[in-house]
């Protein structure tokens, strides 16, 4: 059951991710990315990360991707033109090596006896997360606000109208 | 008030004050200040001479102030019988440099004289430093003012020459820095006397291979500075392009940084490596003597010619040092001083000629003796000193060096003596072409005889040439003590023997008891 | 007030510099509508004041040092050292930006606010002992830096610089994060002390060092990117060239110092047990950085670009200290970064003397005759350049000396020799600037240059003094660095 | 335990997604798509974090994921603003056109 | 005894004239110059008279000149400024100061018209002459090899200065250079000899060296002797280093007389005689000296046969006569060598001064083909020169006869071959001197200038020298005087040998008479008949050309093309610049990484990352 669930959504995620890469039109990529994120949210649930799954859908697939789509629309970005050189030749072999290595390490270091079952971990709910956030992770949490502030200021500075 | 510190820091103070001279009064005020202050420094350094005890071989006026805690660096300075003279040489030549630049330097005079004083500071520091780190500091400090002196006030290809000068020296000195650090890591001190006493007591031993590498690191830095064949090519360029004062200081004192380093550091620190390498170094020195002379022979440019003669003369110094004999070392030291005086004078007069005729090409001259007899006479005396005529200074040095070489290996003396023949060839040939012959119109029109200021610059040098040539005792007495000490160290500090295989000097090192 | 078990009031005091900077940054923007009409310099003054306050707070925090927020932060000598350095860099960035911003007619309040935030992020990095804090601090600093790099939004080069910095920075951060994830996966912790303990433990759970090594490699990508070490240096020339000059100054020193701080913490604390694995790698990166930086700089004509390459090379020198894997090495890296901050920021400030409106004059040729027209600026620039070359009596020399001493201590003979030879190569391109300034007649740029503004003069003088003090009387700083090099493990 | 999924599968998926993100960065020319590829990489990392969190049976990984999301959001805001300014100045979104500074 | 005063007088003269001479009148210059030399002559006289028989050397120490090391230590060098006087020195002192004084006086007349293109030629000339006297006296008085070397080099310097006296003339300065440099080559040997002496004997003082020399191994002494001989060859113009002396005639004639005939060039002989202890224990070296001497004597004499420049004839004659002296010392007849040294000083100085008088009379003409018949026009010169003529030709009882005979006698004992060549040379000598006399003073006048007799200041010294040439040999029996100084020489009387050499001289004169006075066309037709040998000797065996082609030009060209342009600029600088430009090339390649494209940058980052992962993960680190 879990295996089937995993396989389905993993497949969706991978296919969508491939689509992100192969589509020439940014809007298609954006929508595929949303697909990836959605599938990941399901997998998060499988891993017992309820809160993160929700945040994934709301923050990531929702807010952030909307922003992307919005900008794509705003700039009226079309399909990209095929000019300049392709980085397939240096990039692809490197990627294959990278992937191969990572997969090899994963297989070697995480033997099949560690299994994930749905419900095997249940502490990923909002309550536990919240508790952690306001105790152990208080400082990062507070500091994150600065990060957001910076982002806001930055967006304002950069997107402001021309200087008179 | 510590006399040594005074001598060392007076130039720095003078440098700072020179910088403070207001721009409006620039030229006159700054050159006057430079003259007054450099004369003052000279007088102060004479005090050093007065209070120096020539009967002692040890370092004198020892001043040791902790400078940096970790690593343990001290501001340790002192004087020995050799550095004493080199300091005096620096302080003696600086006022002369000021005098010779009097009218030649109009542009940015303030900076010029300031750099000259800074250079003096660095040079004195190099000869005084008794802390390896401090030595390196002064070593590099000298580089900067000279770089500017060449680069700003030099002639046509000055920039190339200045950069070449800087990079050649830098490339060598970084190796020395590495070696210094290595020694520190081994001994936990930069104090040179402390290291020497460790060596003497056997608490510190450089194993053969290590000693050889360290020696080479020091040696390359010094050899570039000397400059020893085949690392000499920066020198002709630097000399040709440098302003007169720069050439005088460069040839007169800066080159001695290298030979002093060889003498004062390389020998006592790495005696067995030095001895093992000595034959090769002597061969290089002899090649330098002959090679420098031969190349000087065919130079069409006066300064370049004199520069190549420096290669040859410094070859004698290096040869003398690596003979490991008392006369050789004495002669080498004496030759350092001689070269400072006589080559300084050569550059001075070439500079005077340049100031008049605006050319350094030998072919642009001819018949100067007719219009400027005293100038010619002065140059003749200098020339004769430079080719080692007895009764003038170089003879004494060359004699001792060659005698030392002959003791060490007679064939060295044979080959090196060839340089003495060649020196006559190139110097007299140049003298003939510049001063003799029909007087060209341009020369007649533009080359007056010496002015009183120029006399003031050149007369002390000539007096020194004669004095040093006739009564060498007044100079050699303190030198002998120090050289004897160094010689002693090179025989005593040899717990392990470095042996070089005959065929390949850099290959493996055998350890032989 | 909500009191968590991980919090006590003293933690807040240890966190004071960041608080001050954040609050003041926010205040600047709040004050913008009020102050903007009167004097745009007011923001500069304010930001300097807040930086000074933060400086004081850092010193104070050191006096009550210790871990804070449950080990998230560690306020020790090391952290304080880097806090002081990055705040110092901040001050030295504010000074030249007075004139720069008015010259370019740019807004001042946001600039200073972003600068303060960025410095706050760097302070956080310096003090953090937990990969979460490292990450967040890094991001605060980076995001603010991205914006600062593109601050002149109408300037094409500026945009490009910001875009490159941003995209590549995020890309590299991705690798870093992946590394963090793996660390978390194999050790179950992101606290550096715990990571180290886990690696050192001898239980069945002891992670496979190979996997730690892979994580270290991935994190190395992100960190090396930030410190612009080879082979991840490639963004630096473009970004430094395009960014506004004071920002270039800031980027080349502040984030770099902070990134090195965490670099050191991570590699010397957490990954120290597998040091023999990463040492050759850092060795190679150090050498590559020195070589790439120095050799590529030889041919540059744009001075900012050249300084960028030089900063790559200097990152290489610091990596040499890291390679030494010793406390001396750490101290040497600290000292070097302090003197590097002085001389490099100073050099960029000197560049901004000349660039003019729209940053027109950036060529090395433009410095022709500066020594004649602006002797003071040229003299100070000379000090920076000599320090960058590594001439004694400057901080640069002593730093280099100390680094190579540490390297030789650890028997890195070849690295030392190659590094020193590299510094001889480097002398060439620094000398070229000296040649231009002193050995040529003034050109168009110098003739057009304005007299030195007092703030800019100060911006040159302070780092020059710093460079000289570090070169002549390094004892105090050195002793502090040596004392602080013992990191919490 | 037929239904259980080996943890390495999740990690492999994460690696694949990360690699695809990198591939997107390398092979796409549109700046926005490139940016999205970065988001893909972050997502991949997040999956790893959550997976490891499961393995360790604790929430630290979740927290990290949470912060990554926040950062991603902030980056998105700033990044898109930067892209906007680039577009305003150059009227192009082709990443290869943004190469006025080189060598 | 204040020996130091002897050289100091001329030195003072040099300094006074050299520094202030420009403002002096000519008479003041004369007073200073000649006064100083005369004072020194008088002081020599006083000293000699005061010192008595001088069977042992009288030594004076003034100050330490060079000192290295500690007394008794290894390689302790202590060179004092010591003067010593013994009988040999006395002879030299008298020759130097006596003839020096005469020539100084003569120069007043000869240089009277000197104003020339050069600044203050007059006072400069006298200053140089005085300086020469100083160095020559140091050479003679010095009590160690090094001090001798001081004078040795110093006289070389003065020779250089005086040869190049007319320094606007290129040939003159070139000749000066040549003299100095060739002398330097000789000094090369001399200095090596000194080093070798020091190594073996630990000192350079004559007394110490000679004290030990007798017990030294022969090969050491032979080496030293040969090296010293190289020095002597340079100074005394022996094969192969004689080439400078003929060129040295570019100087004013009094210089030729003083330096290049009477005093300086004989320094080699003096030095060899001084080192007799070494040589007597190194017979091999002696043989070499004798052979070199006789070869030089003969070769120079043949060259002298064909020269037309009057001074050149006498110059080659000098070379030849110096060869004789070498034969003398090389045969172990040191006193004979010194004897000939003295008589040669008389008659050769006279010949030169006479030639100078001729040249003076003809306003500078030196080519004998433009002379002739001058015996009527300048009779005093003619008659005084006749005295030298008979002296050099070895006609008894004039001075040359005694010394030459003594040498030939010794040579015969040493090796009859040398004797026979010596006799032949004597004939040649008589021939070419006669030839010069006939061409100059007999026949019809062939020149254009109007000859006039020289003033009294010139002919009075001529007359004195003439007297010395005639009777000096009889008056000053040097071998007797020096008997104590040198090892006992076998007293051999062989009248036959004497007759042969006298006959050779007479026949030389006779042949010259036939060829140049009786049958005037004969010389030319002989030259045509034997054109190849004639050209060979006329062109001095092409020795200068050979040296140029084999030594000078290869060195110059090699230095310029191979060393300077090749090694210095090409290899070393090329290497340095090559490294620099390779660095720049590397920089250029590295720059290419910076394509400006974000995606390429990302590729590099990926590349770096993958390499790192591979390296760290797979291999556990790079090899150290």
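For clarity, chains are labelled A, B, C, D and E in written order, and residue numbers in each chain start from 1.
What we mean here is this: a residue touches a chain if its C-beta (ideal position, glycine included) is under 8 Å from a C-beta of that chain, and two chains touch if they have at least 3 such contacts.
Since we're looking at a predicted model, the values are computed, not measured.
The minimum number of touch steps linking chain A to chain B comes to 2. For the pair chain D and chain E, chains touching both partners: A, C.
Ranking every chain by how far its Cα centroid lies from the centroid of chain A, the top place goes to E. Across every pairing of chains, the maximum count of C-beta contacts belongs to A-D.
Chain B has the C-alpha centroid lying closest to the overall centroid of all protein C-alpha atoms shown. Taking the mean of the C-alpha atoms as each chain's centre, chain B and chain C sit 43 Å apart.
Taking each chain's centre as the average of its CA atoms, chain C and chain E sit 77 Å apart.
Mean C-alpha positions place chain C and chain D at a centre distance of 26 Å. Centre-to-centre separation of chain A and chain C, using mean CA positions: 30 Å.
Of all residues in chain C, those touching 2 or more other chains are 132, 136, 139, 143, 146-147, 150, 153-154, 162-164, 167, 171, 210-211, 214, 237-238, 428, listed in ascending order.
Multi-chain contact residues, meaning those touching two or more other chains, occur in chain E at positions 580, 591, 594, 596-599, 602-603, 606-607, 609, 613, 617. Annotation for chain B: residues touching 2 or more other chains are 167. Interfaces, counted as pairs of touching chains, are A-C, A-D, A-E, B-C, B-E, C-D, C-E, D-E.
Against chain C, in their complex, chain A makes its touches with residues 101, 105, 109, 134-140, 143-144, 146-147, 149-151, 153-154, 156-158, 160, 162-163. In the complex of the two chains, the chain C residues touching chain B come out as 372, 386, 389, 391-393, 397, 401-402, 404-405, 408-409, 413, 416-417, 420-421, 423-424, 427-428, 431-432, 434-435, 438-439, 473-475, 478-479, 482. Those residues of chain D that touch chain A in the complex are listed here as 1-13, 15-24, 26-30, 32-33, 35-37, 39-40, 43, 46-47, 50-51, 53-55, 57-60, 62-63, 65-67, 69-78, 80-85, 87, 93-94, 96.
Chain contact summary for the complex, chain E toward chain B: residues 22, 63-70, 73-77, 117-120, 146, 149-150, 153-154, 157, 160, 164, 167-168, 170, 173-174, 176-177, 180-181, 184-185, 187-188, 191-192, 194-196, 198-199, 555-556, 558-560, 563-564, 567-568, 571-573, 576, 580.
Put simply, chain B touches chain E in their complex at residues 164, 167-168, 230, 232-233, 236, 291, 294-295, 297-299, 325-327, 330-331, 367, 369-370, 373, 384, 389-391, 395-396, 399-400, 402-404, 406-407, 410, 413-414, 417-418, 420-421, 424-425, 428-429, 432, 435-439, 470-473, 476-477, 480, 484.
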